[in-house]
Amino acid sequence: MYGPRFKELRRAYGFEDVAIVPGEVTINPDLANTSFTLGQHTFSIPVLASAMDGAVDPAFAIKMGQLGGLAVLNLEGVHGRYDNPDEVLDQIAQASKEEITPLFQKIYSAPIKEAAIGSCITKIKDGNVVCAVSVTPQNTKRLAPVAVEAGADILVVQSTVTTARHVSRSYKGLIFSEFCQQISIPVVVGNSVGYNTALELMETGIEGLLVGVGPGAACTSREVLGIGVPQISATIECAAARDEYARRAGRYVAVITDGGIRTGGDLCKSVAAGADAVMLGTPLAQAYEAPGRGYNWGMASPHPTLPRGIRIEVGTKGSLEQILMGPSSVTDGTQNLIGALRTAMGICGALTIKDMHQAEMIIAPSIKTEGKIFQMRQLLN
Amino acid sequence: MYGPRFKELRRAYGFEDVAIVPGEVTINPDLANTSFTLGQHTFSIPVLASAMDGAVDPAFAIKMGQLGGLAVLNLEGVHGRYDNPDEVLDQIAQASKEEITPLFQKIYSAPIKEAAIGSCITKIKDGNVVCAVSVTPQNTKRLAPVAVEAGADILVVQSTVTTARHVSRSYKGLIFSEFCQQISIPVVVGNSVGYNTALELMETGIEGLLVGVGPGAACTSREVLGIGVPQISATIECAAARDEYARRAGRYVAVITDGGIRTGGDLCKSVAAGADAVMLGTPLAQAYEAPGRGYNWGMASPHPTLPRGIRIEVGTKGSLEQILMGPSSVTDGTQNLIGALRTAMGICGALTIKDMHQAEMIIAPSIKTEGKIFQMRQLLN
Amino acid sequence: MYGPRFKELRRAYGFEDVAIVPGEVTINPDLANTSFTLGQHTFSIPVLASAMDGAVDPAFAIKMGQLGGLAVLNLEGVHGRYDNPDEVLDQIAQASKEEITPLFQKIYSAPIKEAAIGSCITKIKDGNVVCAVSVTPQNTKRLAPVAVEAGADILVVQSTVTTARHVSRSYKGLIFSEFCQQISIPVVVGNSVGYNTALELMETGIEGLLVGVGPGAACTSREVLGIGVPQISATIECAAARDEYARRAGRYVAVITDGGIRTGGDLCKSVAAGADAVMLGTPLAQAYEAPGRGYNWGMASPHPTLPRGIRIEVGTKGSLEQILMGPSSVTDGTQNLIGALRTAMGICGALTIKDMHQAEMIIAPSIKTEGKIFQMRQLLN
Amino acid sequence: MYGPRFKELRRAYGFEDVAIVPGEVTINPDLANTSFTLGQHTFSIPVLASAMDGAVDPAFAIKMGQLGGLAVLNLEGVHGRYDNPDEVLDQIAQASKEEITPLFQKIYSAPIKEAAIGSCITKIKDGNVVCAVSVTPQNTKRLAPVAVEAGADILVVQSTVTTARHVSRSYKGLIFSEFCQQISIPVVVGNSVGYNTALELMETGIEGLLVGVGPGAACTSREVLGIGVPQISATIECAAARDEYARRAGRYVAVITDGGIRTGGDLCKSVAAGADAVMLGTPLAQAYEAPGRGYNWGMASPHPTLPRGIRIEVGTKGSLEQILMGPSSVTDGTQNLIGALRTAMGICGALTIKDMHQAEMIIAPSIKTEGKIFQMRQLLN
C-alpha cells in the first residue's frame, strides 16, 4: 500500500544568494598561489576567456596568455566563417536593436572555412601562448583534426548542455570516451551541471569541465527554455564529482565555472564553491582589447528558430590588465579580479586554490537588504 | 495531555521559483514528440487557447486547430451574447481605463442566446477542426445540450474554483458524475488545485482537468480574495492525483496547467511539473489573429459586485504560427513556444511529454539575482 | 559538558507571504454567515474601525454600526481633547510634510477633557448603535468610569504592546484581572502577539484581544524599534491561545487582527489564520465619511520624543458602504471587503467564520513573481 | 564505503531579515539601564563612533564622550597624517565622483606622523573624556606606544578581518596574546564574525571585540571579495563565544556590533542578538558636528590597488544629541536612537542590556511586503 507521489524540489543557490565566511587563520595576500593546471599546461591565474566573438579574437588571446590566463577562440564564430571578421564585427556593433537578432541569424549561417580556422590558430601560436579553441559537438569530428593540425593546444567542445550520452537521429553522436583517446591534446567539455553527468564526462577522459547552464548575462535560456541551474549549486555538485572521481581514478579534472560571473566577489565565490578556474565573458568583453566594440553576445544568440541570447551593451571599462591584475580605480568589484581573489584567499587563510575550496560559505541573500540597496543606488548615481 | 495547536503552513512554488535541470542523457529536439490526447482526440501540440474573449473567436479557433492545438470558445462571452461581437470588442478596446470595469459589467449582463451559440459552433466546425466550448457550472445543464446539438466536440465546464461537491441554495448543484455519464462528448473541468479535489473530479468521469487558481496575468483573485496557489505546486499535486487515479482506475485524465504562463520557459516548467498540456491566455491574445485588439481580460472581470480581473494591454507581438511554432525573432521566450518545448525536452532527454514529467526541477528564484535584473533591464531598454 | 548556545530564530509570516487554498467542498457565497460576537453583542460583519482620528469620529461610528460593524472612538484623540475637533482635523490636513510631526506633538499634548468624552459618547449612542471607545493603560483608571457613566458599551484598552504584567515606576500598573471584574462592560485589550501573552490576557477576563504589533501602514515601530511580528504568524499564535483557553475555561474570547490589512485578500487571510474579526484603519480612512480628509495617522505618531507613525495620504476611494459591502468598481481588492470574504468562504466551503479558521493556507510569496509585478504595473498605470 | 561530499551552506541573517518579539512582561522605558562597560570604563550609552574620518575628529570625540558614549579616532586617517586635516577634508568633500577614488589613494599614502597623533590625543584628553584611538595590525607595534604615551585610554586594533592567527611574509604578525600583556590600556580588536575566531581572540586578553565583516553602507567588500556575514548571525555567534568564554574564564568581553546599523531598529536588533554595544559610522556622520561635511567613507576606500569602499553622500540630519538622545522630529528611526533602545527594552521587559540579550527574535523579512513598500514610498516622497 502506498499513497500519492509528489515531485520533490531541491533548493539551489546562485552568486547573489551566498557569501564567503572569513577563515580562522588569515594570511597575507602575497602568499596566495592562484595557479591552475589543465592537462600538462599550468596557468598563473585561474581565468579563461569565453569562446564568444565579443570577447576573444587572436590578438586578445595572445594578450590573455601573456597575463597568465587562457582565452578560447570560437572556431564556429566569425573568425572561423569569414576572412574579414573585423568588418562583420563592425556590422554587429552598428546594427540597431531591431536588426540584431535577424543579423545574427544571417551572419552565423555562413559556412565554417577550414582555411580561416588554420589562419586564426597560427596567429595565436605566433604569439607564443597556449592556444585553445572551441567547437560544438556536431562539428567536432570534422573540425578537431583541422585544429590539431594547425597547432591548437587545447580543444573545448561546448554546447548549451553536454552529457556523456546524446541521442540523435540526424548525426552519429560524438562519443567522448572514443574521442578523448583519439585526440592528442587535452579536451575540455561543457556545459554541464549535475553530479552524475559530471562524473560520467570525467570518466570519458576529459581534462576539464565547464560548469553552468543558463546563468550568463548574455544568455536567456532560463526564460526561453525554463532550464538553468544557479552557479554555486552547480559548482558544488561538479566539484563533488571531481573529488569523487579523483578518489576513484587518481586523476584530477579541472572544474571551470562558466557564466554569470560579473565581479571579483563572484569569482571568489566560484572558487570557494569548488571551482579550479572560472570562464569569463562579459567582464572581459569590457576590456579595451576586446573585439566586441563595447558589445557582447552569447553563442545561442544566432539560433535560426529559437535565439536565446541577446546582444548586451557592456561598454569598455579598462585595459585587460587592469581588469585582471589592477590597480583598480573603481569600487564595484569589476577591476583587479585577481587582486580580489588574492585578498579573499588571504582572509580565508588559503595558500592555494585547493585550500580556498575549503572556505566556509553561507546563504546570505545580498539584494534584499535596504543597506545594500542604498549602497547600490549610490553606485549607480 | 496536549498543548496548543498552531496552524501549519506548507511552502508552495510558482514559475519564478523554479528551474528545470538538464538530464543525464540528451536527445536531439527533432526526436521529441509533443503530442497530447484528450478523450478520443489527439493534438500534435499540447496547447489550448483560453476561453477568453480577448483570445478566442471562431476564426482564431480554426487557426489554432490547423496548427495542431485546441482553442476553447467561451459560450458565455460576447460570442454567446451578441449577434455583432466585433462591435462589442471594438467598444472594449476603445473604452478608457475608468470606463472599462462598468462597461464589462454591462456587456456581460446581456442574455446568452442559444442561436448565437449554435452559429459560433457551426463556424468553427466548418473549419474542419476540433471544436471546444466552455460554460460555467450554473449554466451547464441549459447550455451543454445546445452545444452538443450544434456539433461541439469537447465541453469545458469552468469557474474560478471547481470541486466535485458544491453546495448551493439558489440552484441544484451540477453533479459531475451524473453529467459526465449523460453527455456524449468529453468533459474538461476546472479550475482546481488540490490533490484530493483533483482525485474526486477524476472519479466523476472527466477527461481533462484545468489546473490553476489565481495566477493568470489578467486575474486579481489573489489580491481580492486572498486565494491562490502557485502553478508549479498546483500542477505537481494534480499530476500526482492523475497518476494515482490511473493506477487505481486504469484511466488517464489529462492535466492542463491554466494561467500565468508567459514564456516558453513557463510552458516547459509546467510540463516538467507534470502537465499534459497547457492553456494559454495572454501569450495567444498577443497574436495578430487574436480578437482582443491588443487587449485581454479575465472571465471574472465582469462580476457585477466583485470584479477581480483587469483589462491588460498586451499588444500584438507576432502571428499565431510564429508564437507557437517560430521562427522566433526575439530572445525573451515569447515566440516559438513549441520549439522551446522541443529544445527543453532534448536537453532533458525526454522523447515524450510523459518522459518530460520525470525531469528534475530545482528551487532557484530567478528575479532576485542582480545578473538577471541586469539582463532584464537590457531586455526592457 | 555542553557547548556554545546560539540564539534561535523562528520564521514568521505576513499577509504577502501566504495564500488561502480552495476547499474540497465549495458553497454558494450567499450561504456564508459572517457574524461575530463580542461579549453580549453580535455584529453581522466581522469588522472594527480602528481608534484612529483619521478614521473614526462619532458620525462615522454611527454609519459603521448601521452597516453591521463596530467603530472604536479614541478618547485620547482630538475628540477627547478639543471642543472643536473639526478645526484641529483641518489643521492636520493642511500641514506641510515638514510641519506635521511637530504639529502632532503639539496637538496631542492638550489635556483630555471629561466633558468632551461624555459628549462624543452621547452622540454615538444617539445613533442607536453599539458604542466602543478606547483608552491607553495609563489613563484607564481615570477615563474608564467616565466612559461607562456616559454610556459606552465596550471599552478598548490599547497601547503599542500590552501584556498582563507591566512594571512601572511612575504609576501603579493597570491590573487587568482586577479591572475586568470591576468594570460592567466588556473589555477588549491590545495589542499583543504571542501565545503566552495572549493566554495570560484571556485569563484576566477580557472579551476580545487585538492582535498585531508593527504591521500597520501608518506605523513605523518596526523601523524605529526593530519590534514587530508579521500578522499571519501573530494571528495563528493568538488563535491557538484562544482555542486552548476555550478548552480550559469554557469561554471564547474574540481574536481581532489589527493592522496591515489593505485588501479583501488580507482580510480573508486574517480570518483563515484564525481571526474572529479584523480591525481596519487605512482602508476605512479612505471612505468619504472618514474624518481624516484623505489622510490617516497612527496613535504613536504624536509621541513627544520618539514619534513612530506617519501621516499617510490615503485619498478618498468610495463610500463606507461601497468599501465594506460593494458593489466594487475596482479590481484591486479595496472595495466590497465583505463580498470578498463571502466569496472566499464560498470557495473554502466555510459556512461560518469558525469554519473559515479551518481553511488551508500555504506559504506563497506574492511579490516576487514577474507575472504579479507585470500585473501590479498594469494596476498602477 | 562513502558517497560524494557536497559543500554545505548554512543560512545567515541580517537586520532586514529579523524582528524583535515583544516580551511577556513589559516595563516602563525609564526603568531601562543602557550602560555598558569596557575594561574599567563604564559608559551610560552603548554606542561607539566608528574610526572613520567622515565621522570622528577630536571635537566630535569630546562631544560623544559628553553624551555618554565613546568615539574612536583613526590614527591612520587624516588626523594622523596631516597637520591641516580640515583642508584635506575640504578636498574630499569637493572632489567629483570621478576624482574621489584616486584622491583617496593619494591622501592616504602620506606618512603617519607621530607628532600629529600626539596632538590629536591631547586635544581629546583636554575635553575630559575617555580617549579611544585605532590602528591597523601592521602598524600596532609602532603606533601603540606613541598613543599610550600621549594619554590614550583605549586602543582599537582594527582591520577588515582580524583573527588571532595571521600568517605574513612581509612582517612578523602581531601576536595579540603577547601584545595585550604588554600594553597598559584595554584593547579592542576587530573585525571578526565567527564563533571560533571570537573565542580565540577573547583568550588573548582583549576587552572588546568588534563584530562585522562587509555590512557597512560605505563598504563594498561583499561585491569586491565575495566576503561578508550578515550582522545578526555574526553577532549571535560572537555573543555565544563571549558567554562560553565567560563561563570558562570568568571574564566578560564586550561584543560590539560594527557596521550596517542605520536606524534605532537596527541598534535594538543588534542588542537583542547579543551585542553589548554598537559602533556607528554613517548615522553619526550625519550629525552637524561630524567632520565629513555631509559625506562618509570606509577605511578600505583608499586601498592602492583594490579600493572597496565608497564615498557616500550622507547629508546632515540633526545634532549629535538629537540623533542619540532625541527628541526626534522624524519617524524613520534615524533620531533618538537611545530613546528607541529604551522603548524597545521596555516592550521586551529588559531592565539591562544583558536582559535584552534574552529577547526573542523572529525571521520576518521586512522589505518584500507591499505594505512596507507603500510605507517606504511615503517616507521617500
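Structural remarks
Order of writing sets the chain letters: A, B, C and D. Residues in each chain are counted from 1.
In this text, contacts are C-beta pairs under 8 Å (C-beta built on N, C-alpha and C of every residue); 3 or more make two chains touch, one makes a residue touch a chain.
Model, not experiment: these values are computed from the prediction.
Here chain C and chain D face each other with different sets of residues for the most part; under half of the interface numbers are shared between them. Matching CA atoms, the turn from chain A to chain B amounts to 90°, rounded to the nearest 5. Centre-to-centre separation of chain B and chain C, using mean CA positions: 39 Å.
One inter-chain figure worth recording: chain B and chain D are separated by 55 Å, centre to centre, where each centre is the mean of the chain's CA atoms. Across the assembly, chain C contributes residues 13, 368 that each touch 2 or more other chains. Those residues of chain A that touch chain D in the shared complex are 13, 15, 18-28, 30-31, 195, 232, 236-237, 239-241, 243-244, 263-269, 272-274, 326-333, 336, 339-340, 343-344, 347-349, 361-364, 366, 368-375, 378-379. Per the touch definition, chain D reaches chain A in the complex via residues 3-7, 9-17, 101-102, 160-163, 165-170, 192-194, 196-197, 200, 213-217, 220, 222-230, 233, 260, 262, 301, 304-310, 312-313, 365, 367-368.
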